[in-house]
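Per-chain numbering from 1; labels A, B, C, D, E and F assigned in written order.
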Amino acid sequence: MKLVLKISGKFFDEENIESLIKLKKTVKQIISENNRLAIVTGGGATARKYIKIARELGVNEAHLDLLGIWASRLNAYLLAFILSDVSYMKVPENIEEFIERWESGKVIITGGFQPGQSTATVAALVSEAIGADYLILATNVDGVYDKDPRYYTDAKLIPRLDTVTLRKVLESSQSVKAGTYELLDPLAIKIIERSRIKVVVMNYKRLDKVLDIIKGNEIGSIIEPA
Amino acid sequence: MKLVLKISGKFFDEENIESLIKLKKTVKQIISENNRLAIVTGGGATARKYIKIARELGVNEAHLDLLGIWASRLNAYLLAFILSDVSYMKVPENIEEFIERWESGKVIITGGFQPGQSTATVAALVSEAIGADYLILATNVDGVYDKDPRYYTDAKLIPRLDTVTLRKVLESSQSVKAGTYELLDPLAIKIIERSRIKVVVMNYKRLDKVLDIIKGNEIGSIIEPA
Amino acid sequence: MKLVLKISGKFFDEENIESLIKLKKTVKQIISENNRLAIVTGGGATARKYIKIARELGVNEAHLDLLGIWASRLNAYLLAFILSDVSYMKVPENIEEFIERWESGKVIITGGFQPGQSTATVAALVSEAIGADYLILATNVDGVYDKDPRYYTDAKLIPRLDTVTLRKVLESSQSVKAGTYELLDPLAIKIIERSRIKVVVMNYKRLDKVLDIIKGNEIGSIIEPA
Amino acid sequence: MKLVLKISGKFFDEENIESLIKLKKTVKQIISENNRLAIVTGGGATARKYIKIARELGVNEAHLDLLGIWASRLNAYLLAFILSDVSYMKVPENIEEFIERWESGKVIITGGFQPGQSTATVAALVSEAIGADYLILATNVDGVYDKDPRYYTDAKLIPRLDTVTLRKVLESSQSVKAGTYELLDPLAIKIIERSRIKVVVMNYKRLDKVLDIIKGNEIGSIIEPA
Amino acid sequence: MKLVLKISGKFFDEENIESLIKLKKTVKQIISENNRLAIVTGGGATARKYIKIARELGVNEAHLDLLGIWASRLNAYLLAFILSDVSYMKVPENIEEFIERWESGKVIITGGFQPGQSTATVAALVSEAIGADYLILATNVDGVYDKDPRYYTDAKLIPRLDTVTLRKVLESSQSVKAGTYELLDPLAIKIIERSRIKVVVMNYKRLDKVLDIIKGNEIGSIIEPA
Amino acid sequence: MKLVLKISGKFFDEENIESLIKLKKTVKQIISENNRLAIVTGGGATARKYIKIARELGVNEAHLDLLGIWASRLNAYLLAFILSDVSYMKVPENIEEFIERWESGKVIITGGFQPGQSTATVAALVSEAIGADYLILATNVDGVYDKDPRYYTDAKLIPRLDTVTLRKVLESSQSVKAGTYELLDPLAIKIIERSRIKVVVMNYKRLDKVLDIIKGNEIGSIIEPA
């Protein structure tokens, strides 16, 4: 099985050693079961800090995005070094470099690629390029909800949906928009659909359950391309 | 003034020596008036030919896009060599390479950057990165129309519009969608808006009028970011 | 066994899906029998088209050759993507890059390297660098003839010859010169001789017979270095 | 005059917009007076944060240093984008890349180069490579003191000293060691001596006085190679 | 076991074919016993010749060092080509390139990395980056002596010592300083200590005994990090 | 005027400081008169030494040539550093890198490019790529002779000839073949002819006369493309 794991920048903000140890174990387990894995990291608080300072000094949007990309690459190097016995030690800086490094058989870890592009889109492009079976979005919620769980106590997690439904949830329900949009922007969905990639949304606090979530045996959402 | 000129792949399909000579003159005129220029080329028929063959052989979408990108780079090299006394002779392959080459003071010519991305988006990213005054889309129609001019004899060219109006034209009028969409996809419009780049749509057959079109003295459409 | 397969640009001009499927099968068969393989592609019609346009616009010979080289790289990427499960996905741009990529154990596919150099010479250099057992020239004729088969109905294919004889055929017989010269220019022959590489000339329409042709059991010419 | 400005990582930790504006003005003033400038940035708190996390997870020393280096490059990109109209937009990753970019005539901004090496040594190497007139160390103290000013109210700033005296201060006075050592480690001093580079130690809060400090007209220390 | 072998430039000056054949055999034996190996080469007489000429012509210290580095890379390429069936054929030019190439599983051969840095330090950095079990310094003496064996007939080889003792030997005994210093400069010792790398000093004339020397069964010195 | 200066490897073997000082002066004079200059260096004795050792150890022809190329690049770096205030400090490793560096406006210095190719061919390719007015071959004889001046006291220097005559001299007169062949091999002549580059053959001992030799006012041979 070929998997792409997109880890939200928030994961790194928590600076939680236990989470990183869990991630390390999960990656080794995935690999040991004869799967291949690519990881895409978000930029998180480091990205926001640098972008904020630079914006105040009049830096343009393309360069602000590049600062966020360099911050996400710092997170990528952190993972590459933690996983050094199974990972590739150079973070690719664009899809062509990614494709070349993928040949190595190692876990390839990448941050952002270019301005105007979310790390979700990077993860979708990477999934497409390697023909991934699943793109796993590890974030700070348990999956896709019908309403924003932060505001509605009766919000329900949707365990299975397709991208048509996903788009409707995103458009109809203003309240969940922001959070979910971060998961999958329109370009990422388009790529998922054209290459028919299955997507899993899950909480990064339960990374050790990822293979069970794929099987539908643990809490999370599975999105099928329409 | 800093200008980005996006030339449709169709321009190259015509293999029209006169058009290329006109392009050469136009570029030299633009430069001589103390402007700086970047050019982005589409892939055209060469791209479509390679994509068609590869698709029949089961190549994935990411790699199909890469074939189109390599074809657009071939068009970019053609221009770079034709313009060799003012152009930079290496075609950048991503925005970071572009930004570095732009330092040289030369005309930088680029094709596509990565899968899942139109050359219009490349041109918008390039415009943003250099703080372009105008992004010029040179294509095979005279500008943005209220209806598809291929089907409606009463279609009218819109000389000035903003991106809100542009989106409406694109959404309401199915008939013009395909053609115009090629000019500016949603991501390109988003970049144009966030960095407030003015866009000119014009016919590549009248490239020699480009500076007049910018001034509003010749046929073409000028799009303001909303 | 280490093999280098040089595929004439004409192969790509035919845009023949069946031929490409046959090539794919042949490559996989060669690999499966524990051989290693490098492929060198010609530029074909795409190269000629771009060179013709550029020449009319006064582009110099070095840059004309570079356009041909970029076109041959497009053919190389086409093959790399078609063969994606066994091939290396980055086309090397010079012999040092080739040598480094060869380490990967994959099928390495390359187009031209530099101006003033035929793709036959590229194939000879590649053969020399990896210590190839055979350099296979797949072209649109069945082998080396004593006379030009297009003009002489009594032309006979020479199944075995050495490079001294090859040079004589090339020099004495004006009529076959053009066609054969394309196969092996003087520099390519010099490299073949100095590194004692055996050469097979065969028709790309019968690529599936390549291992039999090497054994001398099928139609083709085998050239021994003198 | 050719100047190398090494900015302590602490400068970036303060996230002080005013300081960055002052730095921007200072750089433009230096350039406008026909001087050339290279800047070397420390890693600061971002570096320490990533190193701390990675160390707890058993990452080796070489990779810990690389995380610090990537953090310092993030600071370098921040400056490159803030100074985009005079700076080179690509941060060099080793001395050979630095030397090549220096040809551009722009302000080159670099972070760390490699493990086991302080950014002070990077700054010394850069100074040597370009034949700098002064290496300016901008830090959070006003210069070199005879005692540690944090503990001794009678500590005196030494306005002029040579590297022999500097070594003595560093060795004899335990209390100032840590802080000053950060300024100049033994390898950096060795490079300064062998290439006879003059060094200025100053407070980054008064960057606008740098040209006066060089002249000896403002508070700071000037170190002559022995 | 992971080993780093640093070969003194003097080894190459002797142009001794027998020594190179012995080296080739030793490398293959090391590999065949399931160890991994990196090799670092000194510059030797070629380096000194180019540095001498350039110095007379006023070239600066950074560039002089680069000439020495390029000469050491020439020695590295010589070994890479001699060992072509087990070695990586591209000589890395800095630690980041080294780390990436190490992924290949091949013997990686490198010369110097940057000015102001001994090849011993390069070897220490490489050892640290890969977590080497032993750093082997192959030179023209049999190990570390208590006195300079060239001047004192009663000089005794010290078979085991730690880095504290090593520093004392280097400092107290002027006579051996020059020679030994070449083996391990202060920065190299610092890296060895912080990453706890064991060091073997041995004669390159007995390279075939290297595995025995590591075990303490043959003449040489083993240095433990203090 | 655009000039390419090819300096024989023998020039470097002499390790003659006076010659290098003269070269430095000549380069500066050429530049100061508003000409542009590229320099191509041979490998000389360093190349021969490394090739000899490697050949005895069974290294293949492609890799032997690469050793020669790396040696020629060492000579190129020597010149780049000696000429550091007017030269580009990175030696290009292939024609595409050369073309890109040429944009800088500096003196670009290059060694060999690839196996199977003389440095004369490199110089011809470089001349073609930049549209050189003259390719100057600086060697250890004064020009092209009708007979080998080492053996025939009545040998006469031919001040002006075309490439047809040159080929005849090379073919008819066995005795001069070796020496002259080194100057211009068949591929180099082919490139000179197709791009109509004028060639000057002169003695590197009189480099300071180069502009006079071009004018025909000093001893040397001028070869016109036929």
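Rule of thumb we're sticking to: a contact is a pair of C-beta atoms (placed from the backbone, for glycine too) under 8 Å apart; a residue touches a chain by one contact, two chains touch by 3 or more.
Being a predicted model, the structure only gives us computed values, none of them experimental.
When the partners of subunit D are compared with those of subunit F, the chains appearing in both lists are B, E. Annotation: the B-D interface is duplicated by D-F among the options E-F, D-F or A-B, judged by over half of the residue-numbered contact pairs being identical.
Looking at which of B-C and A-C shares more C-beta pairs in contact, the answer is the pair B-C. With centres defined by CA atoms alone, the chain at the far end from subunit F is A. Over half of the residue numbers at the interface between copies subunit A and subunit D are found on both sides, making the touching surfaces mostly the same.
Averaging C-alpha coordinates per chain places the centre of subunit C 55 Å away from that of subunit D.
Taking each chain's centre as the average of its CA atoms, subunit A and subunit E sit 44 Å apart.
For subunit B, the set of residues that touch two or more other chains comprises 60, 63, 66, 96, 99, 104. Inter-chain contacts occur between A-B, A-C, A-D, A-E, B-C, B-D, B-F, C-E, C-F, D-E, D-F, E-F.
Note for the complex: subunit F touches subunit D at residues 88-90, 104, 106.
By the touch criterion stated above, subunit F contacts subunit B in their complex at residues 96, 99-100, 102-104. Those residues of subunit D whose C-beta lies close enough to touch subunit A in the complex are 15, 17, 20-21, 24, 46, 49-50, 53-54, 56-57, 59-60, 63-64, 66-67, 70-71, 73-74, 77-78, 81-82, 84.
Taken in their complex, subunit E has these residues touching subunit D: 60-63, 66, 93-96, 99, 113-117, 121, 124-125, 128-129, 131, 186-187, 190-191, 194-195.
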